[in-house]
Every structure is written in structure tokens, then in C-alpha cells.
């Protein structure tokens, strides 16, 4: 795409995103505002996973562990420190906690490759799942309801539209940062590792460190997404880190476009809209969903981004 | 009498491990020979359990139900291989994960369409519902002993099949050197389908044996699928021997963890801490085992490829 | 100028019962083109892999530029100036030729833990990359996708990648493998142009090329170095002729 056209698209998308709550209010469909927040939060989760899988070639089937851990940072703080309810404090804390967790877990997982990496990330996510399932002080199996959303100075976060704008701003900032990262020296090295790790190693790159940094950043962003989801739903439960949530995030990445900057967003939107539309038709909509996913694998392996990509030279 | 409890838990662990082996054996071969990550393997276990439960309800014969259910599931597995999975062998792992994840969704929902959302009853056949006195003080359920016997018999026949027959030779060649298996090309396509059929049949057998103990319901496949994967990864992908050792290891560790960790912790920690830490530690013990194994041996205990 | 740049001391590697590297002591002088020859299965690639750091020896040590690098991982050795060109082409297939080179140049020009500035604005990287492409004769296909190149071009790119890391020593593992006579001739000319500027350790089957390029030759048979000397000395060495060139030629 030519530069000006890309900018035009961006402007249109941004205008639509900003106008969405107004349109929903006029149409009397306020439901769509919180639906859009959900899409953006999932888009953030999928984008963070895309950094791992799409840019770095590290297929993780346990990314939801960080999603859930981020949510539990919010939930546990609301129990232990009901006074400290500023999002300016809690969200960065969720990011920091997950960065640390991801750093430690990544240091172990990244010793393995390929299938073993897939399975060891899954194993860690299962551990998270079972640990939080048995954490009875924080709701255990049943999860935990939050009394209210975190606060931001000068904003009424209880309003769905306000919360939507906050999520939109965070997502836009993260996506912008990911775009910079992708084009940066670090991003190129990551792409090189995905292409041929042995070669990168023999060029003098300490590939393990680059992968570990990527894993840490991805975990931190997933934690942020989890913290936002906890506020969006007012509820957290171990199900947020169950393995099918990790699977869904992976599905979104592939559906949207592996390694493409907008892939996570496109995939999350497509998946959740599909789910929304199909579930309106039949109780057994999941069969259709499964068939669509199968179709993607066999007929559109590049995902939605592939439909817009230039023809290969 | 602690040692009686210990013995009983050993039998429980053996029984669980052997059933896990039925699932892991097929999974590890499919993994090793076709290099396919088949998340839908657990779905075949579920389908098998449903079929056996339905047939046994309709005919009143548990044995007949097992024979027909296993055969039908094997046929379904082979059909799946020909229709969908065959197209995934040369694709990357990511595509395989996505496609077989989609299959799980489809099969789960189809099962709900056919059998509804309520769990299906599958009862232990009357003749086996009692207990057997192994030692004075130990009465062990007869059905669980049958499970152990069936598991051992299958493990032995698999060993014979893989070690002594021409089919087994091809399978071993394929698992240790996939390139060669691939080069042999169309000639061994039937081998892939056959391995799939056997794997699916074993799934159904495990589903039939565990169905009366657990519950026959949608979602049963995913829980055990992950355990089967853990088994395969611990044992080393493509290795039947690894799957056997891994399955017994997991069966024992998991059973002992659940039986002894919570009480053990209560002896050393304060009750409130132990009540939280016990169950969580017990349920993650096998994953800790797996992480430990991969930390020291990133290719599993018995890597099939050099 | 007889300073040693690379030295192995009693290096040893076994795979099960097979001794692939049997107490190899090899000395490469700074500035020379040192060829390593030997029949198939003599353990040449195994030795190169240990030198580059992708395979750990069982015993012995490797000294590079006065430093014991035996325990260092491949990327640390590469950073010290030990560059490797692979026998089986190893490039970044989905990158363009120019991007391949730019990433190699990036490896030796400052930290790559930079997350914000776009690489494409770093003209110095790409200028240097073009310069190297020009020197190996790939300038015209700089924009092509590396995965789509012809075999000979792959080999040239392989060499260019090693060059881009500003090596002190280049491990060239069969740079002419699979090439036709014409391409081989070009590659010989290319390597001849590198002589003197870089220290080269050349593994090659093409004896004609080896005797034209090498200052000194070491002969590896069954994991052992049986002789080291000038091309003339090696040609005259009876043991080499029997063990390597074949008994029938001696007769």
C-alpha cells in the first residue's frame, strides 16, 4: 500500500473507533460498546502473542497464563488493599509482575524448541490454572467478583464508553510501540531468528537473549490485557488461563495474520464477530466456527492479512 | 495400616498410568512418524466412550459394546486421517494446532447435537462391580483389576507388534527417520492410516475402561489429552517405550501426589497454608515433573531420533 | 608473521563408538589460507562445527586469537571474529539479499537491543551491506528474495554473510560444493581475492582449487591429522598418498 493510502485507512479506522460509542448510543445498542472493549482487549492479547509466534517463531500454547495472572493482580489487590484502587498504580504493577513471571518462565521454556516448546508453555499454563483453582482465599474454582473498576483521575471509569476510550488509547499505544519494535534492530533480529536461528547464532547474535526479551515483553503485554479484562468484566476466574483460552488467542493470531502488525487486531475482531453472529443463528454455531477455522488452515494460511498483502514477487 | 494404603495407591497409579499409555501410544506414533500434533486425539477418546456407552445401553452387553465401539472409533479415526489430517503432515506445527483445535470444537459440538449436554451413564458391568480380596485388609475393585489386566495385555501386544512384525518395523523406521518414511512416499500412506486407526481404537478402549470411573461427557477428551501430551513429551516423541515409562511415571506421581501431598503438608505447615498449597501442589506435580525432565533432557527421556 | 590465530590442542569428539575427532592439534597462522582436506567421513565438518561452537568437543581445547574459546557458545566466537560459511547453505530465506547482509552488518555495529528506531533509517548499515555485495558480485540481485536464488548465488551470499561480520578468520566449509565448473572458477577467484586480507580455513574436495589457493594444507583421515605442510610437501607425502589419494595412484 502506498504511504498516503495507509494513512488514510488509519484515519478512517481511528475515526470509526472514536465514533463507535456515539453511534451505538444513537442506535440504542449500548451492548456494542462493551463488546468493542472486549474485542480491543483480546486484540491486545493476540498482538502480544503475535510478537512471540509471528515475529519470533516461538509457538506458545500457554499465553493465557499471563492473561489470567494479570487479571488476578487486579483481583487480589482489590481484596488485600481495597483502598489502593488507582489504575495508574495497579496496571503498571500487573505489567511488572507479568514481565517478571515471563522472564523466569521464558528462561526455562526457551531451553527447548519446536514441539517441546509448545508443550512446556502449555504445562506452565496448566500449573497456573491449577494453582489458582486451589487458591480458595481468592475464590478458587469459582473465581472472584470485583466490587468496582479501578479509577483514573478525572474519568468516570464505571461508564462503559469512558472505559472503552481508555482501552482504545492503551491498545493504540501498544500497537504503535509494537510497530516501532517490529521495524527496529531488535525486531529485525527476531525476524532473523524466526527465519534461521542457527545462522543468526553464527552471525554473532545471542539468540536466547533476544527470544527471552521478546517472551518477557509478550508476557507483560498479555498481563496488561488481563488486567484490563478483569476491569471490563468485573470478574476473574481460573478459566481465563485455561488452555483453550491460549488456543483461542493462537487462533486469532493465525486468523488475522501471522507476524502482521494488525494481525492480532484483525483476528480478534473476526473471531469475536463471527462468534457473535453465529451464536445468534443456532445453538450449535461452534460447528460452523470450527469449519471456518479449518477452511482458513487449508485455503487462507496467511490469514486476513494475506488477503490484503501484495502478490509475492 | 499405611502400607496397605500405599499398595492400594500403587495399584491406582498403575491403573491410571496404563490407561494413559493407551492414549499416549497412538499419540506418540502419530507425533513421531507423521510429525503431526493432533490435539483431536482426546476427541477420539471421548467419541469412543460415548459409542461404548450408547451401544452398551442399547444391547445390554459391555463386551459387545467395547468391540463395536473400538471398531467404530478406529473407522472414524481413519476417516478423519484420510479426509483432514493427511493434508496437514507437511504443514508447520502452528497450522496443525489450529486445524486440530478446530476439529475439537467441531467434534465436541457434534457430540452435543447427537447425545445432548447431559453426561451419559456407563456402568461397570454387573459381574465386575464387586471387589476382590487381594490381601487381608485390601479389597480392590474388580473392575480396576480388569483395567490393569487389559492395559498390560495391550502394552504387551503393542510391544510385540512394534518389535516383531513387518508393520512394526516400518513404524519404527518411520519414527526414527521421518525423511526416509516420507521418501518411501505413497507406498506407506496406508501405514499412516493404519497407525491412525490403531491409535483411535486404543483411545476408544481407554474411553470404555475409564468411562465408568470418570464421567462420559463433553470435555472429557481435553483433560486427558493434555496428560497424554505430557506423557509423550516426557517419554520422548515417537518412542513407545518412552510413552510406557512416561505413562507409568505420571500415573504414579499423580496418584501419589493427590493421596499424600495434602496430608503430608498438613504435618509440616500450618493448616490454613497447607489446605491451599496441598491440592495445588498435588495437581501440578506432573507438570513440575515434565518441566524438570525437559530442563535436564530437552528431548525427553527416550529420544527416538538421534 | 608466524603468529598463530587459531589453534586446537588434542581435540577429541566421539559419537558412540565412532571417534570423529581424534586428538586433533591444528595450527592456523594469521594471514594464511589453510586448507583442510580428507576423504568423505574423515570428520572435516565435525571439526568445523567444534571450531565454530555448534558442537562441544569431549576433550581438548580451542585457542582463538590468544583466548581459550572452548567453552564459548557460537555467537560469542562469532563476535570475536570467527566467521563460518556453512557447507549446506544457511541464509535467511525470506529476507532480501540486501536485508541478509544488513542484518549481518548489524551484528558487528553496536547493540541490537534497540527497540524504537527504524532500521531502514540506518543508512550506514545498508551502505556497508551494498559494499560487500558489490565485492562478491551480488550487487545486481540485492533486492531479490534470498530463498529464490540459484545455488551458486546462495554460495556467494553465504560467503558474503561471513565477510560482513568483519571476521579475523573465516571457516569456509566446502564453498564450491555442488557448483558447476564456471561457478567454481568464479568462487576460486573470489576466495583468491580474500587471501591476505583474511585468515582462511578452507575445507574443500576440489583438489585443483585447494592446491591453487592454499598456503598450507592439513590432511584429516579417520579423525586424525596425518600431515600438515605446503601443497608441494603434501603432494609428495607418501603416507598421504596411501591414506588419501588411494593406493592405486601410488602403484
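Labels A, B and C are assigned to the chains in the order they are written; within every chain, residues are numbered from 1.
The working rule: a contact is a pair of C-beta atoms (placed from the backbone, for glycine too) under 8 Å apart; a residue touches a chain by one contact, two chains touch by 3 or more.
For clarity, every value in this text was computed on a predicted model and none was experimentally measured.
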| item | value |
| --- | --- |
| Chains touching both chain A and chain B, listed by label | none |
| Identifier of the chain whose CA centre is least distant from the whole-structure CA centre | A |
| From chain B, the most remote chain by mean C-alpha position | C |
| Centroid distance [mean C-alpha coordinates] between chain B and chain A, Å | 32 |
| Intercentroid distance (Cα basis), chain C paired with chain A, Å | 43 |
| Separation of chain B from chain C, taking each centre as the mean of its C-alpha atoms, in whole Å | 49 |
| For the chain A and chain B complex, residues of the former touching the latter | 53, 59, 61, 108, 111-116, 118-120, 122-124, 126-127, 130-131, 133-137, 243-244, 247, 250-251, 254, 258, 284, 286-287, 289-291, 293-294, 296-298, 301 |
| List of chain B residues in touch with chain A within their complex | 31, 37, 39, 84, 87-88, 91, 93-95, 97-99, 101-106, 108-110, 112-113, 222, 226, 229-230, 233, 237, 275-276, 278-280, 283-284, 287-288, 290-291, 294-295, 298-300 |
| Touching residues on chain A, where the partner in the complex is chain C | 180-181, 183-189, 191-192, 195-196, 198-207, 210, 213, 312-313 |
| Residue ranges of chain C in contact with chain A within the complex | 52, 54, 73-76, 78-79, 83-84, 86, 90-95, 99, 102-104, 106-108, 111-120, 122, 145, 161, 164-165 |
